[in-house]
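Take this structure, written in structure tokens, and hold onto it; I'll ask about it next.
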Amino acid sequence: MRRSLGLRAMCVVLALSLLAPAAASADVWQAKGVPESVGINTLWVVIAAVLVIFMQVGFMFLEIGFSRGKNAGTIVAKIFTNFSIAAILYWAVGFAFAFGGGLGHVIGTEGFFLRDFGNPTDAFPIMGFSDATIEAKWLFQFSFCAVSLAIVWGTTLERIKFGVYVIYAIFFAALIYPIFSGWVFGGGWLQANVGMQDFAGSTAVHLIGATGGLAVLLLLGARKGKYGPDGKPRAIPGHNMPLFGLSVGILLIGWFGFNPGSTLNALDTRFAEVAVVTLLAAGAGALGALVTSWRITKTIDIGMVGNGVIGALVAITAPSGYVVPWAGVVIGLVAGVIVPLGVYAIDKKLDDPVGALTAHGLCGIWGTLSCGLFTLPALAEFNTVGKGGLLYTGSFSQLGNQALGVVVVFVGVFVTSYLVFWLIKKTYGLRVTEEEEFQGLDISEHGMYGYPEQFIPASELVGYGAAPQHGAAVSAGAATTEVTA
Amino acid sequence: MKKVEAYIRHEAFEPIRMELLELGFPSLTVSEVKGSGRQKGIVETYRGASLTNYLRPKIKIECVVAAADVKTIVDTILKYAQTGSVGDGKIFVMPVDQAYRVRTGESGDEVLQTHPGAAAEA
Amino acid sequence: MRRSLGLRAMCVVLALSLLAPAAASADVWQAKGVPESVGINTLWVVIAAVLVIFMQVGFMFLEIGFSRGKNAGTIVAKIFTNFSIAAILYWAVGFAFAFGGGLGHVIGTEGFFLRDFGNPTDAFPIMGFSDATIEAKWLFQFSFCAVSLAIVWGTTLERIKFGVYVIYAIFFAALIYPIFSGWVFGGGWLQANVGMQDFAGSTAVHLIGATGGLAVLLLLGARKGKYGPDGKPRAIPGHNMPLFGLSVGILLIGWFGFNPGSTLNALDTRFAEVAVVTLLAAGAGALGALVTSWRITKTIDIGMVGNGVIGALVAITAPSGYVVPWAGVVIGLVAGVIVPLGVYAIDKKLDDPVGALTAHGLCGIWGTLSCGLFTLPALAEFNTVGKGGLLYTGSFSQLGNQALGVVVVFVGVFVTSYLVFWLIKKTYGLRVTEEEEFQGLDISEHGMYGYPEQFIPASELVGYGAAPQHGAAVSAGAATTEVTA
Amino acid sequence: MRRSLGLRAMCVVLALSLLAPAAASADVWQAKGVPESVGINTLWVVIAAVLVIFMQVGFMFLEIGFSRGKNAGTIVAKIFTNFSIAAILYWAVGFAFAFGGGLGHVIGTEGFFLRDFGNPTDAFPIMGFSDATIEAKWLFQFSFCAVSLAIVWGTTLERIKFGVYVIYAIFFAALIYPIFSGWVFGGGWLQANVGMQDFAGSTAVHLIGATGGLAVLLLLGARKGKYGPDGKPRAIPGHNMPLFGLSVGILLIGWFGFNPGSTLNALDTRFAEVAVVTLLAAGAGALGALVTSWRITKTIDIGMVGNGVIGALVAITAPSGYVVPWAGVVIGLVAGVIVPLGVYAIDKKLDDPVGALTAHGLCGIWGTLSCGLFTLPALAEFNTVGKGGLLYTGSFSQLGNQALGVVVVFVGVFVTSYLVFWLIKKTYGLRVTEEEEFQGLDISEHGMYGYPEQFIPASELVGYGAAPQHGAAVSAGAATTEVTA
Amino acid sequence: MKKVEAYIRHEAFEPIRMELLELGFPSLTVSEVKGSGRQKGIVETYRGASLTNYLRPKIKIECVVAAADVKTIVDTILKYAQTGSVGDGKIFVMPVDQAYRVRTGESGDEVLQTHPGAAAEA
Amino acid sequence: MKKVEAYIRHEAFEPIRMELLELGFPSLTVSEVKGSGRQKGIVETYRGASLTNYLRPKIKIECVVAAADVKTIVDTILKYAQTGSVGDGKIFVMPVDQAYRVRTGESGDEVLQTHPGAAAEA
């Protein structure tokens, strides 16, 4: 019953999204006789989008690794459900709201359902610098929306109701993400008028996601048992560090689509330089987090090393197209230091199981601000956004613009998200019952454990176990041996 | 009061549990154990080297009942656990001095099971 | 003994495949002075092939996730063995049979061992529309063959003898797949004469695989214990939903090679549009399956959400190059609805652990038929295959051709596969003993568990466990604490 | 205390690496107006690099799968730490040492921190045949360095101190790998003067890594319990074959970047042919290993099938750019036979948990030598390195040059690595205590198990387990049933 | 000498362990078991089919003490394990003939625990 | 009839099993347990917070034998399980009333083990 709310809402949106274009659908495709550069740049943008879409698997395992085994399966369903909602809605309306308007816009107005716009270059002016096709650009921008949505939920693991994912995803993919990301890198007012630099979305993707995560966390509260009677945080270790390692590896790979792909262009070869900057930052981040956490806890914290990579990648996302390699190293290193400090500090009060507030929030802010320090004037000019950083220009103006952008986006996303979550809390509810939380979301929400053999007694499973059925000799394959005298 | 401990095959457990439940003995505890006995071991190979497991997985049933009920329990287990092959397992009966129900704190025979002969409680 | 049959057959084929070209091998390579478009399209085709090859890992984990832990390791060996047999045989003969003939052919005759053909465009006329090199095209088509073969085995998990994989793989990769897929998209008679549309293989890859899976399942029977004494199906849950999530994620990524790559062309930028259609279908499929299964079982079924993605991707495979985005959404949504309905219905009688008959069979059929409804006339023309769908033309003719194609391929593959499996059953045998099935295939076929620590008592493993060897204080790293008074 | 040594060294190197270029950083980037071919080739090289970087995840799971569960988490931290050190140092100095010199050099002298060189084609002459940008080439070459470093540690699992990774990584990425790989494929004397052929690094990457692994193994010794009191090897099974399957799948995918990417060129379309050769070798390798190990042990060894793929890929790495497909099949098949024989033989005396000495060492040697047999003269000419193989020329000269190269590199890397490890052993120490080894590296080095729920008693974890907290009816989602009369 | 065997909820264990430690009974053994009793089962669904688990996870505590200490142990367990809901578990007391400390080979009451009344050793 | 229950280190099990087999006592059952006693706990850290495990993994051996054989069993266990460090474990001996062999249904001392003194059976 309760759960049907979100699903119904979803169905309605879906139905609408289908009816509209059904009337005049044939306009999407036309025979092409395009210059080679279009094909090449489109190729790069599509490949980059596929790399970014792969990051969904990264986020899946980041959350799985850091959850207890009783809450592992739900994440699989969550990822694909959210991804799907984002796909349909970003196609229906999101992309149009984000990119389909004149420079300096507040909300776009063209390109719903990827149709009925004239020349794409006029309809989506901010992406006019690349001649990749609009379908490729949509795919790429959608993949960002899906990443941002995936980030939100890191703070909510192991206690949230599944329907909340569905309901918020609708608002997020249709409105919140498109509007605020559009301001930052969709040609909106922050980019076009303020000159805020955010090459691939430290703010527009990562901070937006983390801010949503903060809003819901404040309303949702900590996992039961996370804080002792004395208010001190207790360790609730995730269940699988190898799968966490998988997640970091996949995210790292995905980021080679995320940042370099944001050039939307292969032929100017800038993307290769962006890739180098990105890689160096990630490396410095891992080392920064390793050393910092080791100094504090005297152990080599696996989670910190991995989160150091992620935090550094988040930080370098904004400046990756604006800075030179050594600056990437510095930015990544600082992010690596921020990661353990942020995680330890936040953990004292807020229960953020994967450290999303630090990795995507704090590091996203740091990365965005770092443009104000390290942006090479020539690259600001090349990208035609903003000016050089403090280090080159001696002026605080770009840093101020970056800070303004961060504040505007944070406040905007926080307020709208808090409102949505507050409404959900009052109606559908945010949190499973204590009983369900104790049992785990896999069994209580999905009716089956994610690892059935670990939670269901072997004697109650069909044909479980490795015991031979009869004492008789085990035949071919497994040799046997008499043991009794 | 007696405790019946049985080491049996996995497959035998389900019918035993169901019959005991019908007979009014819903309460028991099981655990996964590994047993060594007359049953053969199993040889594994890994990169050319081999490894023998002499211990085979079994289910251990623990069931405390009034002394008068021991025969029912043992017979039920024998009925379903017997395949006639080596490895069917063993049943042991042991003395128990006292029993307590945690929920209520009460003790004695009546906390043991819910079979007709015992103090019903539902 | 028994097992050596398949292996020996394999060796012979292998030896033959090597001897033949050894005589005149130098002809394969020649220095190139090629137009840039060749390089670009070749690049796209190779990248797409790599994405599709990655799907092998997807199928590996689909099967692993849905198996019990005692049958997890065998799948690893199976995947690489089958993949390898397919590689050698598709190179030796398969590709030639499938593509190496004039349009309208029944079986190809040119291009064995990728050599001794004249101008590739003449030898493989159906792929003449793309100027990608023949090596790239081979790699791409091989990757499809390997996918189709991988699909077959979804129905056979946890009870089939390993040698069956080997024997059938030889027939499949050398003959069955090449011939029937060649009819559908290798320029064979179904494509060239009937005008059957199957852009990337809903029928030619997925239905062929699922049909092989049905043939073997009928001869193999259900897993012991799957049906109760009352004939009712019992739940045999797979052991690992997170790994199932991995599989779906990888398959999704792979499909961005599968469908868009089937353009064999980057420069006309159609591939980006195919990618968008593919993504939207996948999204709609997840949501369709989520809602449908939730309405029926009142739980959010993780497996269904994931299988909804897969079923929708299978369905959109045929029409992806022929339809516009909104049609992709509809096709995916319907596939998503088919998935739970098909799985529940088939499960009543046939034991198909991963749901391959539904996801690849039913959805493959639906996808192929959907061309008859939704194909945009302009795209039929662009692809020079068949005509527009019912919705645009008002004519049932394309739908009829699609249905004809489905029936022909299903019957052809079913009969040949059933015959091969029947022969295997009579000679080598299809199924492990009851004892081996109970023990699990890992130990009985491979002599070692896939998860040794979970099946071997700790006291019988070398240095297992985390217990300190001596009661003495644990030194550096793990701090210790006195607990006794 | 002890651990800080390596970390401090690392910090110093890091600081230096940052200070230097900070002075004059703006020179890296300049606006581009480049021919399309530059963009296309750069695109291919970057994508290939990303595929190779993905191999890190492959090595991670190769080691995880073959380790006991108590040593699984440490590998995650190791991979990212090593990768990061390699990134920073290969950028700072490694690339310059390897490639930044005239042909025939012993050690390069240009291109530190990717800056201060003139025309890249002059500064890095060996890569002048490709017009991909220097950043792309750096990324690609770095990814090779990281692979080589990852290979080293396969022999050391489950007993080495974490700090050893850090210290050796510094020497390896800054000096050992750059110098010796530079001789082989960086335009150094073995390549330019001796004419040694190693297309993508059977020797330059794989043998170098395996040689480092041998050096450390001799000083480190076997895992406790590996050899019985009778000196006979005992089975210490890895804990997770599915994750091993993942590793092989990812490595296979990565190799499509590794070998074909080594063309550094998309437009001559050679990369597609290299890809085909690579694939066929992998397939033949799996089958060779399957049959060989089956003949010896009468079981289908999962690990051997997978290692057969890896060994064959290692072997085909050197010849992939020099041979035709059928030769790839032969080379792969022989490698597949080498794998089980090598593993069984080495296991008698040396404890190499993942079989790195065989897969990367023996197969690397075989692959390098195989050029001397199978190199097509026309391809030697095309690549302008060495001459045709014995089979075509009847001359042993190329084979001799290959052998010389192998010996030189093996001796050089062995001596320098042994020295470094010997120094580490004398100062910091190589091996954890017996107690720590017994407990496992995860808890002793990292203060937390990689699989906490498997090693920590449920009653000591917060909210663990799936038991409902109260006997009361479980609410929505998980239906319940009364069982008592 | 008596052995106290208790089947309780996971959550109850930690406070019991701590109080017993304070009272001078640090030595005990726990294991994971599955129990069937009055507590309800749980129904799972998988691809439309359903599966009922009648066995619910419990912690089994085994603690051997001198006969005189049984009451202390039982009371401590009752104190913390009681929630009042079905499924709280049971405690059984059984006779023990002899005890040995492996480390020293010594036997008798004094090897059992370190509580004030027993032969201290530490 | 007596039941010998021993809580020992993992490493000690294999030699004990082998010697008991040679002595004619092939039948026993083991399980994984966690024990608390004099042995120290282990402290883990996770994101800066720490977590102490007081329970350490042990192997529990259960072996039912004729009363006359108890000494042999206990001595064998002591022989191999003794390292002299804290955490070596304990052995307890408990009375058993009756034993049944499931395969045959027979009962009494002769079902227990196959050592020379017991009723041989092959």
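Every chain is named by a letter (A, B, C, D, E and F) in the order it is written, and numbering of its residues begins at 1.
Everything that follows uses one rule, which is that a residue touches a chain if its C-beta (ideal position, glycine included) is under 8 Å from a C-beta of that chain, and two chains touch if they have at least 3 such contacts.
Labels paired with UniProt names: A, B, C, D, E, F = Unannotated protein.
Model, not experiment: these values are computed from the prediction.
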Point to revise | Shared interface partners, meaning chains that touch chain C (Unannotated protein) and chain E (Unannotated protein) | key: A, B, D, F
Study note, to complete from the structure: Here chain C (Unannotated protein) maps onto chain D (Unannotated protein) under a C-alpha rotation whose angle in degrees, rounded to the nearest 5, is 120
Practice item. Would you kindly tell me how far, in whole Å, the mean C-alpha position of chain E (Unannotated protein) lies from that of chain B (Unannotated protein)? Key: 18
Point to revise | Whole-Å separation of chain centres (CA-atom averages), chain A (Unannotated protein) against chain E (Unannotated protein) | key: 46
Revision key, fill the gap. In chain D (Unannotated protein), the residues touching two or more other chains are 36, 40, 43, 47, 234-237, 240, 246, 297, 299, 301, 443, 445-449, 452, 456-457, 459-461, 464-470, 472, 474, 477-478, 483-484
Exercise for review: Please set out, as single numbers or ranges, the residues of chain F (Unannotated protein) touching at least two other chains.
Suggested key: 21, 26, 30-32, 34, 36-38, 42-46, 51-52, 54-55, 58, 83, 85-88, 94-95, 114
Check your understanding: Is the way these chains touch best called a line, a ring, a star, complete, or other?
Key -> complete
Revision key, fill the gap. Residue set of chain E (Unannotated protein) touching chain B (Unannotated protein) in the complex reads 2, 6-8, 31-38, 54-55, 58, 60, 74, 77-78, 81-95
Review point. Chain D (Unannotated protein) touches which residues of chain C (Unannotated protein) in the complex?
Key: 3, 7, 10-11, 14, 17-18, 21-22, 25-26, 28-32, 34, 36, 38-40, 42-43, 45-47, 49-50, 53-54, 56-57, 60-61, 64, 72-77, 79-81, 83-88, 91, 113-114, 132-133, 135-136, 138-139, 142, 162, 240, 243, 246, 299, 442, 445-453, 456, 461-470, 472, 474-478
Check your understanding: Which part of chain D (Unannotated protein) faces chain B (Unannotated protein) closely enough to touch in the complex?
Key -> 232-237, 296-297, 299, 301, 303-304, 340, 343-344, 347, 355, 483-485
Revision key, fill the gap. Seen from chain B (Unannotated protein), its contact residues with chain E (Unannotated protein) in the complex are 1, 3, 17, 21, 26-31, 62, 64, 94-103, 105, 111, 114
Exercise for review: Give every residue of chain F (Unannotated protein) touching chain A (Unannotated protein) within the complex, in rising order.
Suggested key: 21, 24, 26, 44-51, 114
